[in-house]
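Look at the two complexes coming up: chain A is in both, with chain B in one and chain C in the other.
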Partner chain A sequence: MTFAGVLAVIAIPLLSGNGYIVQVASLAAIGAIMAVSLGVLYGHSGQLSFAHAAFYGVGAYTTVVLHTQHGLNFFLSLLVGAGLSGAVAFVVGLPTLRLRGNYLAIATMALQLGISEVFVNAKITGGSVGIFGIVRPTIAGISLESPFAYYVLLVIAAVLVIAVAHFLVHSRVGRGLAAIREDETAAGVLGVDAIWYKVSIFTITAMIAGLAGGLFAYQLEYVSPESFNLDWSIAVLSMVIIGGKKSAIGAVLGAVIVTIVTQLLFSVGELQFLIYGLWIIVIMIFLPDGLISIWQTAGRSTARGTNL
Partner chain B sequence: MVSFVEVVITAASFGAAYALLALSINVIYSTSTVLNFAQGEFMMLGGMLGWVFYSALGLPYWLAVVLIAGSMGLVGLAEYLLVVRPLLVRRAADIAIMIATFGAAYVIRTTAALGMGRVERPAKPPLGQAPFVIGGVPILPQSFVVIGITCAVLVLAWWLYSRTTLGLALRAAAFDPDGAQIVGINVDRLNAVTFAGGGILAGIAGLLISPLSYASPWFGITFAISGFAAAIVGGLGSWPGAVAGGLILGLANALMLRYVSGQWGTFATFILLLLVLYVRPTGIFGERIAAKFGTV
Partner chain C sequence: MAQSGSATVDAKCAGPLLSVQGLTKLFGGVAAVSQVSFDLAPGKLTGLIGPNGSGKSTTINLMSGLHRPTRGAIYYRGENISNLPPHRIARLGIVRTFQLLRLFGDLSAFENVLVGAHLRGKNGFAAACLGPLKPRTEEQQLHQIARDALEFVGLGGRGEIKARLLTSGEGRLLELARAIAADPELILLDEPAAGLNTAETTLLAEKLLSLVDRGKTLLLVDHHMSLVMSVASSVIVLAGGQVLTIGTPQEVQADPRVVESYLGSGEVYRRRRAKRGVSEL
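Coming up: the complex of A and B.
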């Protein structure tokens, strides 16, 4: 029943035959991958990252440089892109993940802004202009040139990432992270090596972000630094919070909502970021625990009602 | 040698402004433990208003300072009442508050761009452009203004904090908010005061630095990363840390600007942050504070 419902929702953009709707749905699918990744990192391990857009960008540029400019196989390019994002996260994670809470927030924000500066100034990224002329690949004889076909690939990727996230959360690593989140000292006493677990999950979620970035580059068919800046990290964090930080379904819902709001705001021109700022403030004030909390609160009051 | 002295003076000028911003971050953080990411925009707005009042309208400098302090105090207060307080009342997670302060940053940035123009403005320095030559080293008069006013503000802030009843209440609330509440200190009102104070300090930092760079609605995020980096290099919540962190950041930026390029400033800030935090995970003066507030 639920499965059929989900399939129906995924199919709507395809059946609509409308290019704009498919584009928005594609961006929502990419947003969902990002939100699931950050949801695992923040919701399940308690680590904050303002640098997810940077990892996303590293994946995007790497994939484009390898596939479009050097003719490497598309999936191999995506994998190398994800791997490089993971490598950056690993190197940066070793010193920063010893930090707690607010220090980590600022350190990852500095990382994000630092890498954004590399995107703007480096030669290989095409500087502030970016890289044009990206053409969607043909895979096993099937051309993904059409945005409709590419949307199907994005949905498959999102489903796979959700499955990986589910596996991660319920694996040994996930249980270790849950223990660390609740009480790092106690977890340490029980033999959970906190730094190792934190660096692992930081690296893995950065790889997922890198994958999302590679997929995004071929959705837009154009990459430039403003797609990978702090604003995007904040947007993904807002997706995670709107969805309710621990649920994959919530993260997808958050991604869909934020993507639609962002797209609608393009039409208001100069006032776009003013309204966007107000929307973020209002959403944080009225739904600080996410949409999921509405269901939970509803459930709780019903339960209390029966007790009375 | 001469160029080295020039670098040191540039470093001290930028460092003084970053120290003020880091102090404004710490003032708010100490009492409420809120990281207010709109504070870079406060500093930007201070510079923009300085351009409006002093360069465009031609008001006397002292009046511009007073008007900026007043209006930035109100901006800080408004952010507290409209954005942060509703979240504190609901006991929202730290992350929700951080994201909401980014929302406030977007609102301030867009409003400044729409209201005062989307371009970089050359702000007029109050003592003119002609450099003083001391011992063969040319020094911009604005350097004296930045360093002088910063020192005056620091002394005033130190006096407020250590010699007045308000300062005592602020220290009590920073040490133990619940305990302070129990002995009759209105922590909510103190938070309002610190946000107003944070607005004033950041606004003045922006006014001071604008003749050395430009006044532009897009500078807030660059200021933010320098201010937050200075605050955590020095140790979040620590006042001497804010000054030390500001000066270290100023020195790093000045060295980059002089010997490498202006394009890699933020990347250099990040590397510096990484190195300092690797050696001291809670910053230079941050041990005690971090033990209290540092947990997730």
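Coming up: the complex of A and C.
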């Protein structure tokens, strides 16, 4: 039943034949990948990153430079982009995650602002203008040129990422991460190597953000720095908080809602960030586990811990 | 708990399992413990007692890697562990419980114990991402270990409850179950009976003795003499951050200095009052 419903929702944009609807749905799929990634890092592991847009940007520029400008295979370019995002996260995470508390949030905020500057000023990124002329690839003889075909690729990627996040959370290391979130000292004396676990999950989720960035570049068909600034990091955080920070389904729900509302509020410009802010505050006060918790409380049969 | 083979005492290790030598810990110049030395015999339950502020918690924190000693060292099976981080010490086979409960509040009791079983598994991040492509044998083993540990402490029916919703007595038992699930050789118990009623304390004593029967080495920290005296085979008494005496429960109870360190607080009180009386005059 649920499965059929999800399939129907995914299929609507395709059946609509409406280019605008498919574009919004594509952005929602990319948003879902980002929100699931940040949900695992923040909601499940308790580590807050404000640099997810920077990792997204590193992935986007790397993929475009390698594939469009140097003719490397599309998937290989995506993988290198994700890998480079992960490498940046690893280098920043190693010193900051030795400390407890909100140091990662502060360090990633600085990283985000710094990388945004690089995007605006570097030659390879095309500066503030960005890079135009990105052409969607043809894979195994199937052209992804049409936004409808590319949307299918995005949905497949989102489903894979959600599956990996689900497996990760419901594994031995997933429990270790939840234990770190709840009480790092107690996790340590039970043998959980907290620093290694925090650095690993930060790196993995940054790689997923890099992958999302690479996919985004080819959705939009051009890249420019304003797609990768702090606003987008905060928008992803709002998806996680609005949908539900402890649930992958919640994160996806948050991504869909925020993407649609962003489109509706496009005309109000900067004012939309004020609206985000208000939303986040209201949700954090009244529904700390996000909108998904309404549904979860209604259908609760067991009092299990994490539901991601 | 059936597979507690690693807990049997190694024949080569005829000496102490753990040896604390000249341990000193200063906090801002004040010695919480000073020149503390003692050995833990393998397969025995050793008690560590002393009045409040005598350095019991500091000692256990040093042994589990939460603090680093200012001077002195701790040897486990001959290896100096005094500068290892907590997770490395746990990996060597030393696991502790906490006086102030440190449960994973938002996780179920069962999940808490599964985290306790962390060291019994090997699957890392790569295996986790593979999900169902990887056989579930290890996960099933860990679940069985967790079920057995919960059953052992008598929380078999409470596995699905979130840890923060348990009573404080149940929380203490869950701390014990979590430590047992790791199948350590040495368990450091920091006041496991605090807040338990008489019946629960009796039950706890039985559980501890049955762990000793399985070949575990236990260090029981408590300031309640009666529990420690009834289960320990030897007792270390701390006072003012130093070892006052070490002996069998009978010897320790008969030692006038021990009686004084516990009951002598009346003496201190009298002296303080006398001093205050003087200054008031």
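Note that in this section the second predicted complex is superposed on the first by the 269 of 308 C-alpha atoms of A that agree within 3 Å, B and C clash if a C-alpha of one lies under 4 Å from a C-alpha of the other, contacts with A are read in each partner's own complex, and residues count from 1 in each chain.
Definition applied: a contact is a pair of C-beta atoms (placed from the backbone, for glycine too) under 8 Å apart; a residue touches a chain by one contact, two chains touch by 3 or more.
Note that this is a predicted model, so its numbers are computed, not measured.
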| item | value |
| --- | --- |
| First, second, both or neither for A:A194, with chain B first and chain C second | second |
| First, second, both or neither for A:T2, with chain B first and chain C second | neither |
| Partner chain(s) touched by A:S171 [first = chain B, second = chain C, both, neither] | second |
| Which superposed partner A:T185 touches (first chain B, second chain C, both, neither) | second |
| Partner chain(s) touched by A:P95 [first = chain B, second = chain C, both, neither] | first |
| Contacts of A:S267 with chain B and chain C, given as first, second, both or neither | neither |
| Chain A residues touched - chain C or chain B, whichever exceeds | B |
| Partner chain(s) touched by A:M109 [first = chain B, second = chain C, both, neither] | first |
| Partner chain in contact with A:I285 - chain B first, chain C second, else both or neither | first |
| Overlap of the chain B and chain C footprints on chain A, listed as residue numbers | 181 |
| Residues of chain C that touch chain A when the two form their complex | 64-66, 85-87, 89-91, 95-96, 98, 102-108, 111, 114-116, 118-119, 121, 123-125, 127-132, 138-139, 142, 160-162, 165, 178-179, 182 |
| Chain A contact footprint on chain B (complex, rising order) | 29, 33, 35, 82-83, 86-87, 90, 92-100, 102-107, 109-111, 113-114, 221, 225, 228-229, 231-232, 236, 263-267, 269-271, 273-274, 277-278, 281-283, 290, 293-296 |
| List of chain A residues in touch with chain C within their complex | 163-164, 166-168, 171-176, 178-179, 181-183, 185-194, 200-201, 204, 302-306 |
| Chain B partner contacts - residues on chain A that touch it in the complex | 42, 46, 48, 92, 95-96, 98-103, 105-107, 109-111, 113-118, 120-121, 181, 230, 234, 237-238, 241, 270-274, 276-281, 284-285, 288-289 |
